[in-house]
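Order of writing sets the labels: A, B, C and D. Residues in every chain begin at 1.
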């Protein structure tokens, strides 16, 4: 005999753009360019077992609610939007006990002085995931996605064990490049009061400054340093998770061509790549609960 | 104060192709076209905290081991390869207590009778993830990725709740299309004896046959039916997880052009899309432990 | 002073799916899964110079025409559809003197015996581009996209010049793998009579059979052999163009691990890759005119 | 009988990163992050017809030359690099009469004051294509790729013809968004003297400023205005080609939810999309020759 296990459903990748005309302090438009995904859980055995949809609010209605809420709330921070949306589904749909809302926000930079002209900022994708559970409460995890950074020096890698398959040479100078994928969990008691925009800005600046300011002996060390710095810079946070692909830049052997490569010419390789994943926790971090699900 | 949380590291996306020349029953070559990723955990605080790499086998050595093992094992099933590789790292690297190995296998179809000519089979990506932990043992989760299927009819969707944002019409006939992403967890006692190739083949045929043979009232119902059928067809399995994007095919309104659209012309939409995720479990399924991490 | 140069406009990537219910000889449904792009040229100076749109049929109307025509024509071959659509725009829109219509068709394979169940065939993307010009007539170029094939042997590469930057070793045995991107131009007098489906089927089989049956000394030789074989197999064609990326499979040096790699273990590399582009022409091929624009 | 038609071959997507340490005016490092592709033409019938490779410099040697030249030239402008490389192949390989070199350059922005820390600039991909032909000379086409811009207003679209398939409403206010793909051809007599960096900078600023400063009645008008502005701002140019996808932002109908959408909530659609392609030419532009091949 078999049974229904954990499940959820929703509408993925709702591409809503909210324009708040003249809403900036200088009278410019404010743009929120979002990719919103909803995911609801609860008493959904009926639709799984028999196709009885009486508990299944259509995902098309999720989408409609996203558009309507964007109108109602204005160009708010993505965390504010996700919190409101998650709460809405759980409170208005009786069978639904949990909602997970995730938002990607794409940044735009003003062009000139028109107040209505913008260029897409290629280096900023903010993320947020809110889980609102009727029983266990609400969590907020925000972050940044694919922030590509490079130190052309100040990176070593040596002192590692050598087994029968180790041919890698030790190095006291290499390029260190990665795409920072970072997510930070807010303390439960900060959810009601956090300044989402300020945290996002501080976090990005902390990542950039820490990456530049850290002399590296391993990408793991960089990961821990980045996480620690974020926890230190933003007291509202209790945990940071990072995924750091090692974007290998291999120095090219030019000796066959009678040239010496004095840390000048590199091949930017695609695959395979090192992948470092880890978490940094405040000592007093509360349990994560459903935050990362 | 902060601390190192859960972490792991490895080499991602090692693209190894193993040719076993003449190894097929008819004397043809056998190809294994793999994308292998390694991920090791254990006592790695040193490298995080101080950049002391004395416990960190380089990911370059992971890659080398993959190539060497491919030579040694021959064109085995991906599960066999992943089990051997996971065990190797944990047993040979003292600080490493856990290894997670994942493999994607891309299928190839023979062309003609040369025995050495093949075309890539676009509709078959097998997956497997082995987690080998020194303390808790070994798990195997295999699956299939992005198998795109469509029923042009035999799909209804109605009887759902209507809230203030519901505009979707009920339907007794729609196209149902999805990309099946399925993963199945083997029972622990089947890991030593399972016929991996037979399971993969049976599972794919079961998915195709069940999808075609199921009259659908919701994609959730299809998910549960697929999962149940897999558990029934392959007794070695105890859990199936599925992610089914609803690849919406919207019927086009041709009335403005004086035409009636009698279930003939559809727009295949990109985003947003419904996303149904769920698990189907055998009643006697043992705890998953680390299998899905 | 500046002037408007060559220009065109249209709607790109209209994802129309046409279902012809019961239309197959055995009573099954026939599916046409298309990605259609339109592009019109003519007297369009007004909109460029002043934004006067009186000559600019909206691209939204292009899209609508695609849907309506799919209804009217049924599940025809993509060439038939493109010819009709191109002719429609030029004949019905006075300022428009030229239309270019391109279609990608994604293949589907029946599942079981329902007549309405299908799986996407990953290895078949047909293409066609029709250019219809009021002055110079009509051309049809069809083809196939990204058909990935591999010979595990029967490929050599040697006898090449060695300059100061040549380090590549000659080889009498390598893997030859490529993604066949082929386009074939029909003779003008075949456009009215060609059996599009038969040509597409013959062409694909010819490519597969020729690739398998050709002992290769260079990818250029393979290109020419493929092109020649297509011209020979399909007399309606007068020119074939091919783009063949060399999907490098590098043999891995296992000597550092005490192993000999006897043509068994390869690394499938991503970038850079060789890229061979070329055309094969019938001696009596008429001028291409606008066919490839 | 068949014959070899036009053909070329080379190495595509060589990912070379050149670091010039301390070379910036302030002592910082200068980075050139490039994706280089080579393509050679000439007397290559032998390899096509018989697999005689005596005229075929291996693409692996192309790659090696790219790395060596990066060492020799330092962190030069991509145009300088492409010109030198193209000339090298034609002058050093007797059978080769033409070389086409294309480079994509990815921008990086300094972080902090280390002089060696950078973040990838997501909004800047410069391109250049040099064709050097022994008989007809040298051309340079440079450009910018996927610069995504948006005006939230100052865009109308009306006055277009209505045919039987036109349902689009006229509008006096819409969002205009596009990804600017622009290429500019240099006058032949400017190739020896152009300040490549200055042109690239001026061109980008001109595109941004013109996009923001233009009240639009059609995307074609915007295209022509952008092209004209580039020709005016950079006298070294004689032709500009643009590809402008219309990144549709459709206003969402909120009336079913009792809300009025006052130009606030939009759906950013994926496909289909309008695609406007066109050229703007100086009246005295010389023939393009091989520049765009």
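Following the convention adopted for this analysis, contacts are C-beta pairs under 8 Å (C-beta built on N, C-alpha and C of every residue); 3 or more make two chains touch, one makes a residue touch a chain.
Not measured: the values here are computed from a predicted model.
The greatest centre-to-centre gap from chain B, using C-alpha centroids, is found for D. Interface of chain A with chain B: the two copies contact each other largely through the same residue positions, with over half of all numbers used appearing on both sides.
Each chain gets one centre point, the mean of its Cα atoms, and the points for chain A and chain B are 24 Å apart. Chain geometry summary: the mean Cα position of chain B and that of chain C are 31 Å apart.
Shown for chain B are the residues in touch with two or more other chains, namely 15, 64, 68, 165, 167, 256-257, 270-271. If you check the complex, the residues on chain C that touch chain D are 1-15, 37, 39, 44, 47-61, 63-65, 68, 92-93, 156-163, 165-168, 216-221, 223-224, 227-228, 231-232, 239, 241, 245-246, 271-283.
Against chain A, in their complex, chain D makes its touches with residues 15-21, 29, 31, 33, 64, 67-68, 70-72, 108-109, 111-112, 114, 116-124, 147-154, 175, 208-209, 211-213, 249, 252, 254, 256-257, 259, 261, 263-270.
Looking at the complex, you find that chain A touches chain C at residues 164-165, 167, 256-258, 270-271.
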